[in-house]
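Each chain gets a letter, A, B and C, in the order it is written, and its residues are counted from 1.
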Amino acid sequence: MMRRKTTLIGIVGDSGAGKSTFVNNLAQLLGKERVTVIGLDDYHSLDRAERKAVGITPLNPRANNLGLFMEHVERLRRGEKILKPVYDHDTGTFGEPEWVKPREFVICEGLHSFLFEKLGETYGYKIYYDTHRDLKIRWKIQRDAAHRGYTVEQVVQEIRQRQRDIRNFVEPQMRHADLVVSLLPHTVNGQSTEAIKVRLAERTGANDIVHRLITLHSRGILPCRCFKEWYWGREMNVVELTEEITPPVLEAVADALGWGEKAEEKELTPYQFMLLLVAGRFGNKYKSGYWEERGCYAVNS
Amino acid sequence: MSTKQPTKEATRDGYGRALVDLGHRDHRVVVLDADLSKSTKTALFADAYPERFFNLGIAEANMIGVAAGLACTGKIVYASTFAIFATQRVLNQIFQSVAYTGLNVKICATHAGITVGEDGATHQALDDIALMRAMPGMKVVVPADAEEAYRATLAVAQYDGPVYLRLGRLATSVITSDEEPFTIGRAKIMRPGRDITLAACGFMVEQSLRAAVKLAEEGIEAEVINVSTIKPLDTETLVQSAARTGVVVTVEEHSVIGGLGGAVAEALASHHPVPVHRVGVPDLFGQSGDAADLLTHYGLTPENICDTVRQILTDGKERTK
Amino acid sequence: MLSTASSAGREAYRDLEKRARVIRRHIVNMIAEAGSGHPGGSLSAVEILTTLYFGVMKIDPKVPDDPERDRFILSKGHAAPALYATLAERGYFAVETLSSLRRLGSPLQGHPDMRKVPGVEMSTGSLGQGLSVGVGMALGARLDHRYYRVYVLLGDGECQEGQIWEAAMAAGHYQLNNLVAIVDRNGLQIDGSTETVMTLSPLAQKWRAFGWNVVEVDGHSFSELFQALDSVAYAHKPTAIIARTVKGKGVTFMEGAVDWHGKAPDRKQREKALEELGE
């Protein structure tokens, strides 16, 4: 039997930052039946009690079995199935392992998905998913303050305490990413609004998503802001999407990127548009009208 | 918060009390010491707020740099050690890391002057005012008693910039009132008089007041001014007094070169030239001895102040004959 | 353990290499136009500064006073041209300002002034003082529960100053794992080689003995500098990076030449230097 080629997509980002929702949305857009998702959280080497005893957080690579993760990613790339460990977030302990087999797309998401150079080379595409601290705080307050009775100060303090580990162990992986997706609060006259703006960054010289968007912008098709910025030693082209994408704009973009004749009927937020762009990078062979079936996508849940 | 002390108290004690109250009021206050916290009285703050106290060991140069670094992060930093180490020993560190940068560091030096006593010349700072005064941007404050030291310690926290606060070891009487707030740059007339001006700072304000009482018995009305800020100098108050009396004597527990005497002479030479006589430690090193004996030896007593005044007034009369 | 070269391999550092070249050109031009300055120790520190400002530090030139920003202190203040060129290229101020170096009224003093130049965190010049300030900032971060890092660049000759070791002792005492000292080990000082003037070796052992995590690297290798700076994440102590460099690096007639510590190139030398550095 001819085995279809597997595309590995690595995704790194902080937890509690809407990463799993992003992964779900992406899987939905690519077609759930075509996607296998494995999360690095299942590869904790220490359970919650053990981490507490040693005094490290899951953000520390040492709390994770990265060797096994690496081996599994390589097996998946070769099309083999893996016996994946299972970590139960509710209890903080390990359950029974389960068999997972690779589909057309394998998304490997976690805090350290491309920490190792070898891992980095295995992926077909690497996305760093970056959520602004203010958004993390906003979402966590909505979640925790509503359901668990935490005060705003407690939430802010907890997020701040993570900053050192995030900075030390997670953010440096940005320098290996093919695409950095950043979600930021949209501020108007210095006031933060409910709206979210999205930045997409890729290295100068890369001819991928951002490069195409800059071209569309220069042709007057796409309203956005384009600039250059340094990310961890690499000069990146950045596109900032602030405005909603109207159906005519989307139509023109879809046309230019070869997505098909018909896109969406209604306006898309920058976040939804970003999802289409990322999924479109892998899925532009799909037939027209594909996107509208998938409905609307939440930013976090 | 402060209560009047019936007994004698050193200015360093007022400083120590103030730090504790200040630490309670303002979480930005951080205190540093170089292994002399019991003597400088920063130990009181260390007990109350151990997380905001850093004992940097016998390494004063580093302490000044650390103070500057903490100030860069928005802290109000009080750095203490003996005056001789807080100035001479770290002059270039203060110049570059604190004064040139204008950072919010309060160098609070105790054991200034000759009244350090038995430890001798190596521990007696007699040129610290001169050194700090020559530093651009540095404010120089010399409280007259423990009460004023308390208020000055609180007051300098309100000013965002470098300050040199000169404190003593010796317990002295409380002569200032806690009713007036301390204002940097404001001299205060402690006793009005028309015949001669005694401009003093630190413990010498008390000595000058005693001298004024004696002189009054002889019919000489001396005006005593507490010049608790040497820089910026309250030129207005000094000029007005000099205009009334026509002659000024400066009294300080410091070298006669470059300290209060130098500052007053410079100001009056420019704005209202009158004769200025300086009572202080002559251009000599200090030595070991009991504080009271040293004060007598170097002429920092009410008696010697009186003698100086009588001599000046006699000479003045002879000259006008 | 960490990967540092990106999957793009050798290409990984092309942007930094280009930026380092631009910064070196600025240094040569600035000092030549000023007619005085310190090219040797400026050129030796270029990769270190480039790695920090373009690769590792959490900074936003548009918000130079962000309380969460990483701090950098140029303790060897005479390398000011290297710092100015880096800050200008990073976007703290206009590149055109660079040509005013050392002129009356210019913000670009012969040695850095924090009150005059955005992005300069501390005024330096008289050697030996920057690490103490770094200790203060690192303690400040701890008091405020902030997680920024403080980087201090020291000259190797500067390590002859006693205050450096006072500060090293304090950093070790407080286990300031948010503090990183980088020693520009170019081996030369004004009067000759450091080992002739006043022996520094064994320098790594000295830092280690003061309670520091020590890493020795080639100070012109981005890959090694990145790896060393990554290792800070795992340290429970302050980290000292001893960066072996070449004084005057990038301009052959200045390389390893003690005479170029504090001398400006003339017109011909400037042209030759720029030619060697390339576009």
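By definition in this document, a contact is a pair of C-beta atoms (placed from the backbone, for glycine too) under 8 Å apart; a residue touches a chain by one contact, two chains touch by 3 or more.
Just so it is clear, the structure is predicted and the values come from calculations on it, not from any experiment.
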item: Subunit B and subunit A - chains in contact with each; value: C
item: Chain with minimal offset from the mean of all protein Cα atoms; value: C
item: Centroid distance [mean C-alpha coordinates] between subunit B and subunit A, Å; value: 63
item: Chain centre separation in whole Å, for subunit C relative to subunit B (CA means); value: 41
item: Distance between the centres, which are taken as Cα means, of subunit C and subunit A, whole angstrom; value: 35
item: Complex contact set, residues of subunit C against subunit B; value: 67, 71, 113-115, 121-126, 128-141, 143-144, 150, 162-163, 166-167, 169-170, 173-174
item: Residues of subunit C defined as touching subunit A within the complex; value: 1-7, 12-13, 15-16, 19, 51, 54-56, 58, 68, 90, 145-147, 222, 226, 230, 232-234
item: Touching residues on subunit B, where the partner in the complex is subunit C; value: 30, 51-52, 54, 56-57, 59, 61-75, 92-93, 95-97, 100-102
item: Subunit C-touching residues of subunit A, taken from the complex the two chains share; value: 61, 114-121, 126, 157, 160-161, 163-164, 167-169, 172, 175-176, 203-204, 230, 232-235
